[in-house]
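A single structure is presented below for examination.
We just call them A, B and C in the order they show up, numbering each chain from 1.
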Amino acid sequence: MTTSEKYVTAAYLVVLAVVLLYVILYSFKLSRLEREVAELTELAQRRRAA
Amino acid sequence: MTYFADVAALARKDILLELRSRDTLPAMLLFVVSALVVFHFALPSDASVTASTGLLWIALLFTALLGLGRAFSAEREQRVLDGLVLAPCDRSAIWLAKSLGVLVFLGVAEAVALPAYALFFGPVGWELVAAVLLADLGLAAVGTLLAAMAAASRARELLLPLLFLPLVIPVVVGGVGATVVDDPGRYLGFLALYDLIFAILSWASFEYVVAE
Amino acid sequence: MSLRNNQAVLLAAAASVLLVAGLALALFWAPEDADQGFSQRIFYVHVPIALTAYACFGWGAWKALRLLWTRESRYDLESYTAVHMGVIFGILTLVTGSIWAKISWGVWWTWSERQLTLFLVLFLFYCAYFMLRFSVESGPRRANLSAVYALFGVALIPVSFLAIRLAENFIHPVVFTRDGPQMSGSMFLVFCVCLAAMLGLFASLYTNELTGKRLDARLRELREAVE
């Protein structure tokens, strides 16, 4: 690969990396949300039982 | 017109307070002269007119920041801002009055800074004076609004420079340009444009900044 | 717009298709530029990202205006998310622009690139937006301050651009010129596809992020109701 081809590829890869990083961070957030929903469901059921 | 009467009353209050307490203005004067002296040591000996002009504008910016940081401090310390906001006057009148006060302080500071600059560095032409006057309007308008924003936050002194500096880059360009370029008209016109746009924007949006 | 609708899924799918298509077209199909050769192809990713960043800031300012106009709190979240996306795209603009500068002229930064300088100023401005949000308690006050600041940002864009142009008269940067691509028809087509792809990416990420933030808020409410 010539130098310019390397740099062009690098630019596209940077964009891809940032988008994928976003996806990863987002999946962390989603798992946290899932955990909270599970906690709250349990709390609500306990409340109803009591 | 009660609007302008309100503005006059509020502006007069700020200036009188300053004349009595005498804390902000002497600090600004001392700061700007000290900064100019520091810049003399910071500039290499063959520095151009553009370099020393640029540093003058930086000194003016930071002097403005100093004054603006104190613009709402009196109100904050005594929670007078809530009282002002409840007062039956248009909120934008508060902005106008504050800006006028800041303008006066800046003017006084520059009345000292420009002769000092002429003494330490080089002659001050009419373009520099005109540019400084025009720039003052923009700095006061935008700065007052941002100072009110910063006053509402937890990190006041830290936040104000961060908000202020990106917004006033055009003022620096206009000011330095008007001083060093042969035909300053375009730059002075640009400063006037900046003043117009941001004064109107600040005037219109101030009530949202101080509202609850 | 919640993820329950098929709308968000369709948006993501459309964005993905456009992105892959745009990438393929840009790297394989687009004609080679006579002057710059292969390195010109960065144009297809750099300029659409830059334009999308402007679109993000404009969208954020529009939502900010709606907030100040109607005082409905949902606009605060929408405006904030748009500005957040704008900063991400802004960072990408600066990085891709820097890479392009490196290829074209061998330097990682040059002040003679007006668009890049403008993005730097805007990047600083919108970073301060986050500082502002972090140092004010959440509530209508923070929403109003953020909205006013977002509006100032949009006013700053043309004023800064003018300032940067005027500054060139006395700053005398080492002037690099790049023959603006005299875009042929096929080049323009590829550009449009890439632009649509980036805008689609913004729309899709924006929708997802907004849904996530809203879920956060509702969960918090739910927690308060249950505990």
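Please note the rule applied: contacts are C-beta pairs under 8 Å (C-beta built on N, C-alpha and C of every residue); 3 or more make two chains touch, one makes a residue touch a chain.
Keep in mind that what you see is a predicted model, and the values were worked out from it rather than measured.
Counting only contacts among the remaining chains, removing subunit C from consideration leaves the groups A | B. Taking each chain's centre as the mean of its C-alpha atoms, the one that lies farthest from the centre of subunit C is B.
With centres computed from Cα atoms alone, the innermost chain of the structure is C. Taking each chain's centre as the mean of its C-alpha atoms, subunit A lies 20 Å from subunit C. Each chain gets one centre point, the mean of its Cα atoms, and the points for subunit B and subunit C are 31 Å apart. Look at where the CA atoms of subunit A average out and do the same for subunit B: the two points lie 44 Å apart. Contacts from subunit A toward subunit C in the complex involve residues 2-5, 7-8, 10-12, 14-15, 18-19, 22, 26, 29-30, 33, 36-37, 40, 43-44, 47.
On the subunit C side of its complex with subunit A, the touching residues are 23, 27, 37-39, 41-42, 45-46, 49, 88, 91-92, 95-96, 99-100, 102-103, 201, 205, 208-209, 212, 215-216, 219, 222-223, 226-227. Partner subunit B is touched in their complex by these residues of subunit C: 68, 121-122, 124-125, 127-128, 131-132, 135-137, 140-141, 144-145, 147-149, 151-152, 155-156, 159-160, 162-164, 166-167, 169-170. The touching residues of subunit B, counted against subunit C in their complex, run 50, 142, 145, 149, 152-155, 158-159, 162-163, 165-167, 169-170, 173-174, 176-177, 180-181, 186-187, 190, 193-194, 197-198, 201, 205, 208-209, 211-212.
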